[in-house]
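Next up: the structures, one after another.
Consider the two complexes below, in which chain A is the common component and chain B and chain C are the respective partners.
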Partner chain A sequence: MNAALLTFDFVLLAGLLGVAWRCLASTDLFRAVVLFITFGLLLAIAWVRLEAPDIALAEAAIGAGITGALLLVTLERLKHIMNRPRTDTDHDPAPPPDPVASDADAPGAAPTGDAASRAADAGNAALSCAPAPARGRWITLVVTVGLAGLLMATLATQEHDPGLQPTVAEHMDVSGVDHGITAVLLNFRSWDTLLELAMVLLAGLGAWSLGRHDALPARPTPGPVLPGAVRLLLPVAIVTGVYLLWAGSHAPGGAFQAGAVLGAAGILVSLARPHELPDPDPRLLRIGVTAGALLFLAIGLWGLFAGPALLTWPSELAYPLILIIETGATLSIALTLVALFIGGRSPREDT
Partner chain B sequence: MNLLLVAAAGFLLLTILFGLIRVLRGPGSGDRMLTAQLFGTSGVGILLLLGFALDQPALVDVALVFALLAVVAAVAFVRQHGLPEPAGTPMHENPVEEQPHDPPHNPPEDTHDR
Partner chain C sequence: MIADLLTTVLVLAGLAFFAAGTLGLLRFPDVYTRLHALTKADNLGLGLVVLGLMLQAEGPAMIFKLALIWVLVLAAGATAAHMVAQRTWTHGEFERRE
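So, the complex of A and B:
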């Protein structure tokens, strides 16, 4: 049993390293994207083997649901930007994408003139560049092997240290939840989680400050498959997200995982119906995006005046407070992820 | 019994590593994307097998999330590489051309017949 698991781990490790290497060394960006999706899958299995199912859940939701779609759409937009003739002055708000997947190297393709075609060539060259010259490869190899050896030596000589596990286990009864990781994230070390939520908020604000979003590049897909799949998957995804939020109190799960699943559901909708996207009320959207951090901060301040200290809660109220905070955080994370995927403010906000 | 489950998970992992050949060689982007989808299914199998072998019921949730969300990348791919634009839409500037350094790379008909 142990030998079988050890073999499994070594095969997994070899696969992870190989996929990471091919992904970084790939000159074809589409291939790199597919390799990155594969890398996410293997990484989720690696987190499982490291006995961190919470992180495996987050990696599954983000790696499978969000990063792949985000990178594919970004690649399509990038191709269009690179191929757009620089001298051209038309401001087409919804540029249609290229028809072919990795047709990133069409020489002399732009028909609007020599300068434009040269610009397109340069853009295409940037999209699939030749591999770098092999200078310094041996030095890199030696340094990498040396560093890996040092790390392994450190691991081998390290004494077994349970860390803070006993302390956490001792105080579980005052945390309000039954899952150690949720207890740490939302009670014992709530500062960290508050700052993480603030970071998510900052990322969303950063994307919005860059300008209005273009229409998502999306081709027509006639037939019943796409609408049918979305109709079937969307309710299941929403139920799964809410289930993960609720499960966080006693099992792996929680706000980040639930937010990632709900965000992926939102991305699915925005991919399926890009032209009929509801244009949300900007005020409501802002409230939703900031709800997580603001609720957390408000309850934390209440803890300063009414409870034990800043960002701590009395143990009899801990469970409902944690659930409120996690619900707000889930909403904000899901909305921010969809906003990051669409990328940019809604055009309605500028009018 | 557990040994059998772990061995089956290891076998599925090996099939993923063999499937990487299709990702690396292509030739079409559809082949690559379908391989990634297949990896997703194998990953669900690995997670379920490991969940029962290691007695970690939470892995069923991870497998559920994977099975549910693997389709998002597929939808994104179909939306970017589906049918050509209808006649009414303003066309892009570039006509379809083959890549010179990778001749069988994603011929146009490859993207149409799915």
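So, the complex of A and C:
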């Protein structure tokens, strides 16, 4: 049994290294993105083998799923931008290519004419990066081997250290929850989680500050299959997201995983039926995007004045407070991820 | 004991279907035949694996979760296969850029 597991681990490791290498060495960016998603899924299995199901969930949902979707949509937009003719009056963006009427390699927005086709060629060339020049390779190899040797030496000489596990287990009764990871994330080290939420908020604000979003460059395939599948999958995704949020108090799960699942559901909807979706009320959207960080900060400040200290909660109130914070965080993370996918403010806000 | 044996047989049979589907993906000439090999063989393979794991499940909740996983993968796989096929039908196959 042990030998079988060891073999599995080695195959997994070899797969991880191989996929990582192919991803970095690929000259085709689309292939690199697909390999990156594969790498994320393999990494999730590796986290399961390391008995860290929380990180495995987060890696599969955020690392492979949402990041993969973001990279794919970025690539699609990049192609569209690179193929656009360069003119002096570049304030009027060309309409997104209509894939039904055009071929994959000759989008409808691609201009006709000599200069324009040269620009398109340059754009496509920039999207498939050339391999690195050969002269740095030996130095890279030496540095890599040296670093790997140092890491292995460190691992070999390190004593087995339980870390902070006993300390956390000792104080579980005051944390308000039954799951060690959640206790650390939302009670013992809530400062870190607050900063993570602030990072998510900053990413969303950064995308919004870059401008309004154009229509998505790709239209969904016609036919009833995709809307039907979305109708089937959406309720399941919402139930799964809420379940993950709820399970976080006693089992693997929590705000980030739940937010990623709900965000993925939102991305699916925005991909499947972009024409029928009305823009959300901008004020409500802003409240939703900032709710996680602001609620967290408000409750943390309340702890400074009414409780023990900043970002700490009295143990009898810990459970409801953590639940409120996690709910707000889930909402914000899900909304921000969808906003990042759509990219940019809603056009309606400027009018 | 019989359950263990059945699990082994079912999971191994499922893996054989996965292997056949992967072989088809690698060896078949165009998008449609590859989709055919992948989705049909993998859906059945996953069904067999799930059935084998159900025999080892601890309770009805676990059995239900395993069945749910299979149904969701069936739906997602069928949708993705349809979209890839539709895209290939309207746009032609992706060209290899080497």
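Quick note on the criterion: the second predicted complex is superposed on the first by the 324 of 351 C-alpha atoms of A that agree within 3 Å, B and C clash if a C-alpha of one lies under 4 Å from a C-alpha of the other, contacts with A are read in each partner's own complex, and residues count from 1 in each chain.
Criterion: a contact is a pair of C-beta atoms (placed from the backbone, for glycine too) under 8 Å apart; a residue touches a chain by one contact, two chains touch by 3 or more.
All figures in this text were calculated on a predicted structure; none of them were measured in a lab.
Of the two partner chains placed by superposition, chain B and chain C are both touched by A:Leu233. In the superposition on chain A, A:Val261 contacts chain B only, with no contact to chain C.
Look at A:Leu5: by the touch rule set out above, it reaches chain B but stays clear of chain C. Between chain B and chain C, the partner in contact with more residues of chain A is B. In the superposition on chain A, contact is made by A:Leu41 with chain B only, not with chain C. Of the two partner chains, chain B is the only one touched by A:Leu244; chain C is not. Chain A uses residues 28, 99-100, 103-105, 221-222, 226, 229, 233, 236 to touch chain B in one structure and chain C in the other. Residues 72, 75-76, 78-79, 82-83, 86-87, 90-92, 94-95, 97 of chain C are the ones touching chain A in the complex. Every residue of chain B that touches chain A in the complex is listed here, in rising order: 2-3, 6-7, 9-10, 13-14, 16-17, 20, 23-24, 26, 28-30, 32-33, 35-36, 39-40, 43, 46-47, 50, 56-59, 61-62, 64-66, 68-73, 75-86, 89-102, 105-106, 108, 111. Residue ranges of chain A in contact with chain B, taken from their complex: 1, 4-5, 7-8, 11-12, 14-15, 18-19, 22, 28, 30-31, 34-35, 37-38, 41-42, 44-45, 48-49, 53, 56-57, 60-61, 64-66, 68-69, 72-73, 75-76, 80, 83-85, 92, 95-107, 109-112, 116, 120, 216-222, 226, 229-230, 233, 236-237, 240, 244, 247, 251-253, 257, 261, 264, 267-268, 271-272, 274.
Per the touch definition, chain A reaches chain C in the complex via residues 28, 99-100, 103-105, 128, 221-223, 225-226, 229, 232-233, 236.
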